[in-house]
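These are the structures, in structure tokens.
There are two complexes below, and they share subunit A, which is joined by subunit B in the first and by subunit C in the second.
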Partner chain A sequence: MSGLFVISKSSIDAFDALESPVDPNDFIIHSDYSTFKILADGKLLSQTVSGAPTTFSVAHGLGYIPNFFSFCEFPDGKTAMNGQFSYDFTGHSPTVVGYGYFLAEADDTYLRFLVYKNSGASNFNVDIKYFIFEVEL
Partner chain B sequence: MKLIIAKPTFNALTETDPDNLQFSSEYNTLKYATQGTIQLAVNQATYYYSEHIDFPSMWLYYQYAYTSIDHNLGYKPFFAGYAIDNPTGYSSPLPYFDAGGGIFWIAVNMYVDSTKLYVMASYVTDQNSGTVNFDMSYRIFKNELDI
Partner chain C sequence: MSIVARISLPGIDALDSTDPRDFSLFADSDNVLIKEKARGSQSINNGYNATIAHNLGYVPQCYVWAQSPTTGRYRSIHGYSVNAAWFFYVDDTNLIIGNRSGATRTAKYFILYDDISQP
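This part shows the complex of A and B:
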């Protein structure tokens, strides 16, 4: 049996919005379109960064390389995405300002988070958050 | 109680693989809070560092600028960003790191805290005057990072 399940956005009539052409942006849920499901999330708090890099690992246990997003909060209070320098980073020789760089990677067993401490920084702590979404890479 | 919508040919009563479901109330999803665009203008006369290199003989100017918008959620949200028509002529998801178009390297990044979304551009060029504009598009979700 097939059918249609929709919840339209407020102020949009679901029946009107279903008339062709259908705009999926008119709907909170539309059963013709898959949602981007979050399978798991987690965080690593107050992790000490002492090297370049310091690596933190989480076993995800999925048996495949997952679709994931991650974020890292540096001591400057700004939360960075994967692949970013800390907010106040300005790099040039001989002086580098800022804490470092955040990089995340995965295989079919682990998520690994690499935080690079720049040569001028003392050890510092970071908080890391990750989300694992459906559909393997 | 659960709400499950299976993909065509799958049975919603028995299917457990989330990849075979259009929707399942057992899984959280990203929920939009807001979206928009931000323009960051870099005044290249305000470079923070310069150095002369010998091969080829030229001056390099290190540029760094940032701006922010208020999101006022009171917590750090899940976010995503894109550089639109960046200096090398393309659009890219952030973070963006590249070289070209008279720029030796460039990094465009996006950050959040509990009140603001920040964008930062850092690059090295042989130019020390004029203004370079960066257009960014962002998506902020209601999902809390909780860190």
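This part shows the complex of A and C:
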């Protein structure tokens, strides 16, 4: 037997919104559509960045490449999501924050967090927060 | 015994599965309440763009991951810059993914129903 579970957004009548054509944006949740389920999350505290990059790894053990989000807090309190990757880091001055640049990547075994220290900067510590979703890339 | 709420996707018997991927809501863990429309994978030659039609008539939330040209590992793509190794943008009709990484590599994408033009 199949059923339907929906929660409509504020001020939207769920019964009216279920009449064709259905707009998924009328709902907070609709059981016909998948969500991102958080399988694991964690935080790496006070990780010392001494190179360009310094790499920190977390084994996720899923056996497939998962969807993930990660965030890095730099010593000035600024927190940034893992960034776009460029042609060549050595040829560009990182500009996201004063300390360096934050990347993250995944394979079927590990998440790897790459923090780049600006040329000439002293070593510094970062906190890295990550969320791993069940969704397979 | 603890009680959890699980809502399975169409065609899945909620009592037969414990795989979070089979569920719209899986209250064993926290959920990001998006509505997924499509996911896919596309190999893109260096210097080319891939066009993935969504035909929603509005700009949907999208996420894209792409392979590093050196390691082959997947990194998320953000922003649109001609200087970037990868970029993506989205309009009312299509998701466009560009590869300027220097090698043929694969991008993986998620298109959500969630309309980013809504307040």
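Following the convention adopted for this analysis, the second predicted complex is superposed on the first by the 123 of 137 C-alpha atoms of A that agree within 3 Å, B and C clash if a C-alpha of one lies under 4 Å from a C-alpha of the other, contacts with A are read in each partner's own complex, and residues count from 1 in each chain.
The criterion applied here is as follows: a residue touches a chain if its C-beta (ideal position, glycine included) is under 8 Å from a C-beta of that chain, and two chains touch if they have at least 3 such contacts.
Keep in mind the model is a prediction, meaning the values are calculated, not measured.
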Touching partner for A:45 - first (subunit B), second (subunit C), both, neither: first
Touching partner for A:128 - first (subunit B), second (subunit C), both, neither: first
Subunit B versus subunit C as contact partner of A:112, first or second or both or neither: second
Partner chain in contact with A:103 - subunit B first, subunit C second, else both or neither: second
Subunit B versus subunit C as contact partner of A:64, first or second or both or neither: neither
Touched partner set for A:35, first subunit B, second subunit C, both or neither: both
Contacts of A:80 with subunit B and subunit C, given as first, second, both or neither: first
Footprint overlap on subunit A, comparing subunit B with subunit C: 2, 5, 29, 31-39, 69, 81-85, 87, 134-135
In the complex with subunit A, residue positions of subunit C that touch it: 7-11, 19-21, 23-26, 29-37, 39, 41, 63, 65, 68, 71-79, 81, 83-87, 100-102, 108, 110, 113-115, 118
Residue ranges of subunit A touching subunit C (in the complex, touch as defined): 2, 5, 24-25, 27-39, 65, 67, 69, 81-87, 103-107, 112, 133-137
Subunit B contact footprint on subunit A (complex, rising order): 2, 5, 29, 31-39, 41, 43, 45, 69, 71, 73, 77-85, 87, 89-93, 127-129, 131, 134-135
Sites on subunit B touched by subunit A in the complex: 5, 7-8, 18-19, 21-24, 27-30, 48-49, 51, 62, 64, 66, 76, 78-81, 94-95, 97, 107, 109-113, 118, 120, 122, 143, 145-147
